[in-house]
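In what comes next, subunit A is part of two complexes: it sits with subunit B in the first one and with subunit C in the second one.
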Partner chain A sequence: MTVILVPAHVPAFRTLESTPARALTFATDLRAVTVGVKDVQGWAEGIAAPAWQGDTAAAHDHAATRFARRLDNAEAALDRAVTAADRFEARLTILSSLRLRLEEERRAVNGDATTLRADVTASGSAATEAEIAVLQRRGERLMTRATTVIAEIEEWVRRYDDTEADFIAALAGVDTLVEGRLAAEDPGRVDVGPLVERFDSLRGDPERLNAWWLSLTRAQRAALSTEIPHRVGNANGIPARDRDEANRAALTSDLDYWAQRDGDSQLSGEERSAAENAAHIQEQIDEYRAELDPLTGRELLHLLVYAPGSHSGDGAVAIAFGDPDKADHVSVNVPGLTSETSSTDGNLDKTHDLHRAALDEDNGSVSSIYWLDYDAPSGNPIKPWEIPDLGGVALTVKADAGGERFADFIDGLRGSDEGDRAHLTAIGHSYGSTAVGHGLQDGAEVDDAILIGSPGQPESTAASLTDADVWVGSKDHDPVSLLGSGDRGGVGALGHDPAADDFGGVRFETGDGSLRIEDLLGNHTSYFEDESLDNMAHVVADNDHLVTEQPHRGEDGGGHLTLSELLAASTGASVLDGVGTAGEWLWEHSVLGGIL
Partner chain B sequence: MAVTLDVPFEVLRTAKIKWDEAADELDGNWRRLHKSSIAGFSAEVTAAVEAFREPWVDEIKVAGERAQAHSDEIVLFGQRVWLADADQAERVRALLPWAHSDAGIAGQP
Partner chain C sequence: MVVLAGCSAGGDTEDRSRFEALEQEALDVVDGVLHDIAGETDMAFEAGTRATSICGESYAPRGVKLRVFARFAAPAEMATDDAMAATGEALTGDGWELDPQPRERIVLATREDLEIRFDFAGVVQVHITAGCIETSDGVAREIGDRPTKDLDWADG
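Up next, the complex of A and B:
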């Protein structure tokens, strides 16, 4: 009798009862609580009796000292729980990815078994010896695959049970006040003071900071992230994942604190402004929470910079879609004049659009970052030299300062990059392109630079600006792009027109945009659309050969209006009644839009 | 005769503010911990999280209430602190930085 072994179907196996996303949310909550408790405990400790001073009875009578000591127990317990939750989430993330692979293989084996069974039945008694041999070999291979996947599933279940058991045990170890006190007195407790000192000494050197950070234990990193969350979250060189965790903890803690202050009507003007900025950021996190990074299984959004009270109250924020440390291609786009944290949503949507477009290039993984951590001035984009309290020189100074911060941020990305060196693209829009230009002057290590709607660059040629490939998107009916000095003049307050032929960049196709007054602003703010977006995605994903070009200004086919000609022509082309001049119209409509 | 505490007024004012801020911060903390969702966890993990949360929510809540009470203890009128008697003066002194722990208390109400 001929025997052909066909494996039985591999049964379905357990799902993840505890999910990584849930664990991450819980860990963020715990971290935020720990940040607040540490903040208060640190202050109380600062006014408490030093351990080496005063008799015990006197110190005991000192209420602030008693308060600090008791709160320290809570802090120690929370530190342990944060470390456990962090580890729990990391292990669940790995198990989640592994489960997807196992489930795929299980289904494949079952499908192949069904097919083989049907083939055996179909072959019947008329099958030749050769055909039977083929079926037997298929059956043997399938048995091996089934046995393997069953063993891997059993191992997965064991690891999952261990993961839950370890987390449960860690929490159980600090779920009483007595255990909190013991944790506080544990000689093995992380001494965060020296770690903070070392951390501060390495800030400004992303590579060394990254190497040192990676040498720390999980408990040490967790303790630092809750002790100084703002500093850890905003430090260039700290891994993106850890920056995200620290910044989310700081954000959550801040929002809780300000909510209480607001409830007591005690918020200062500065606090209210910062609280509003923080709320805007939280809204963005919530909006994109459901999107997961296929590369890591974690949330797609990473909060890389969080400083809601900085830059004269405008706040600072940087948000990445995808983990830049792990991605093959990373882009960082910098917005322009009037950008502030409260206008993040529109700019973030553009970054997200670019992220999707670059992923669709199918040339590797992508992380797309929106970066607003410089003091972007506010003012009339058509007459930037007339901005109240600011002259053209001040505008240049702010772009220069922004460029320096941008270059530092890029250094940080290089410092925390994992694996093969990422292909990195800087994108500057409008005044942000001028800031990026200054960053390139400062030596920002990018492979490509995209300058869109640029009012000017600090160098007259791409080659003198950077070693990177320079790409330029300039619609001829975008008035801001006509501000730079170029082949037909230009104000030049912010530098040279990168679309000019003698600049030497590659001018990619964007179209010219509508000539009507009411569309000029749209021309300036629509580079993240249509062929312009496609071309930027080609550059970001390193598909340079797919970029379509249009003639430079000043070369054959590159004829264009000057700014004054454009404003006059567009006034005539308007379908609006009662419009005075294009400049007035633009100014009235640009304030809310963040035109530069 | 009024009770006096030999401490600069600014120290007292700052202490009151800081205790009040501490109360606000801890108030937000225990609420955050209390409402941290346990959806999406297995039953065993949920039980462990709840067991961990309970004592620390209570502890942080108590600490916040104590901080608020400390702030309320320091009663300021204009540029002066109100002290009912020597006992209250000692209680207020115990809420100040340790450097002022031996500040003199003088007089009786």
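Up next, the complex of A and C:
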């Protein structure tokens, strides 16, 4: 009798009931509570005795000291719990990735077993010896694969059980008052004071900060991220994952605090503005909370900058899709005029579109960052009377300051980068392109720079701006892109037109945009679509050879209208189109001549 | 791109209706073919959202974008290639036109103004989107500001 071994189907195995994403949520909540307790504990320690004397003063000191000590016990217990939660989440992330691989292999083995069984049945008694030998070899190989995957699954289940048991034990170890006191009295307890001092001394030096951070124990990192979450979350050089965790804790803690202040009618104007910005950021996290990074099982979104009260109340935020420290390709998208935390929604959506398009390039992993940590001027880009000091010093100063911060952020990404050096692309839109230009002048270490809808660059050539490859997206019917000096260019208040032939960048295809006057601003705000988006994705994923180009302004075939010609022609086009709203639109924007 | 003509007050009503019809169509896709695919491939629903945002900038919103997202556990028994094939078949049967696969493990299809995209990378993540639905600025701001909602998923 001929025997062909076909393995039985490998049964489905346990799903991750505790997922990395859920563990992150738990750790964030725990961290936020810890931040709150530390704030109160710090306050309690600093309570000064009123001007009382004798027994009253002694009673006050006694009560305050006891209160502070009890809070310290709680803080020590929470620190341990946060450390345990971080470890739990890290182990789950590894198990999650491993599970994906095992599950894939399990289903593949089962599929191959089904196929083999069908082939054996089909071959029947008429099979030749050679055919039988082939079937037998397939069966043996399949048996080996099935045995291996079963063993790996058993090992995985054991590790998963251990992970859960360790976490439960760690939490159970600090869930009574006595255990809290013991944790506080533990001689091995992290002394966070010197760590904070060292941390502060290294801020501004991302590489050294990163190296030092990675040398810390998990408990030390956890203690720092609850002691000074805002500083840890916003420090360039701290790993993206840790920045995300610290910033989420800061956000949750801040929202709780401001909600209480609001309930007590004590919220100041500044606090209200910051609270609204924080709420906007929370809304963005909620919008993308369900989306996971398939590589890690963690949330796709990383909160890299969270400073809701900065930049004159506009707030600062940076959000990454994917982990920039681990990605092969990283892009950083800087928005322009009028951008503030409350306008993150639409801009983040554009960044998400770019992220997906860059992933579809199929040339490695991608992280796409939206970065708004500079004071973008307010106002309509073609309603200059709404923009203070257009063409004056203030605008250039803001772009310059923004560029410096941008270069620092890029340094931070380089400092926390893991593995092979990431291919990094800076993207600036509108005034954001000018800020990026200033950042390039400051030496931002990027490989590619994409300037879209740019009103001007601080240098007249790409070569004098940066060593990076410079790509320019500039629709001829985008009025903002006609503001720069250059071939038939505008006033050049913000610098040179990068689409001009003499600039020396690569002008990629974007199309010209509609000529109707009511669409002109739409032309300026639609670079993250169609062929323009495709070309940016090519650059971000380092598929430069796929970029389609269009002639520079001033080059053969690169004829274009000046801004005043565009406005005249577009008004005519709208009238010819019989668009009833053209007159109204023109009336609303009737001081367009002011920017010429 | 979905183009809507007119931006007057009456146009606002039309804009809203047009958007709501498209949103309903996307939700019908969730209740229809997406449920069918999840059932056929034995994918368990885990989480989902539906969200809107403006297409442009605050000074020129241009219109609204719609994003419906759903995440599923990987098919319990079916190999990824088989699940992708089953997904493609179900979509075609529902009137969708399959687009070229941009990379491995992606199934992409369009039907009129909607695009659906399945990413089979361990978990299965599905996006249903429409391009920029052009509306008046006022309607764009109003709809774009709507808070994100969880996606209702009826089992069974």
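Note that the second predicted complex is superposed on the first by the 542 of 596 C-alpha atoms of A that agree within 3 Å, B and C clash if a C-alpha of one lies under 4 Å from a C-alpha of the other, contacts with A are read in each partner's own complex, and residues count from 1 in each chain.
By our rule, a residue touches a chain if its C-beta (ideal position, glycine included) is under 8 Å from a C-beta of that chain, and two chains touch if they have at least 3 such contacts.
In this text the structure is predicted, and so the values were computed from the model without any measurement.
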Larger residue footprint on subunit A, choosing between subunit B and subunit C, goes to B
Answer with first, second, both or neither: which of subunit B and subunit C does A:29 touch in the superposed model? first
For this session: Kindly classify A:61 by the partners it touches after superposition: subunit B alone (first), subunit C alone (second), both, or neither?
Result: first
Counting only touches as set out at the top, which of subunit B and subunit C does A:521 meet: first, second, both, neither? second
So, in the complex, the side of subunit C touching subunit A is made of residues 1, 7-8, 46-49, 51, 53-62, 65, 67, 69-71, 73-80, 82, 102-104, 106, 119, 121-123, 125, 131-132, 144-145, 147-148
The residues of subunit A that touch subunit B in their complex are 17-19, 21-23, 25-26, 29-30, 32-33, 36-37, 39-40, 43-44, 46-50, 53-54, 58-59, 61-65, 67, 70-71, 73-74, 77-78, 81, 164, 167-168, 171-172, 174-177, 180, 252-253, 256-257, 259-261, 264, 266
Residue set of subunit B touching subunit A in the complex reads 15, 18, 20-22, 24-33, 36-45, 48-49, 51-52, 54-56, 59-60, 63, 66-67, 70, 91, 94-98, 101
Subunit C partner, complex, touching residues on subunit A are 12, 15, 100, 103-104, 107-108, 110-111, 283, 286-292, 294, 297, 335-339, 343, 345-349, 359-362, 379-381, 521-522, 524-526, 529, 580-581
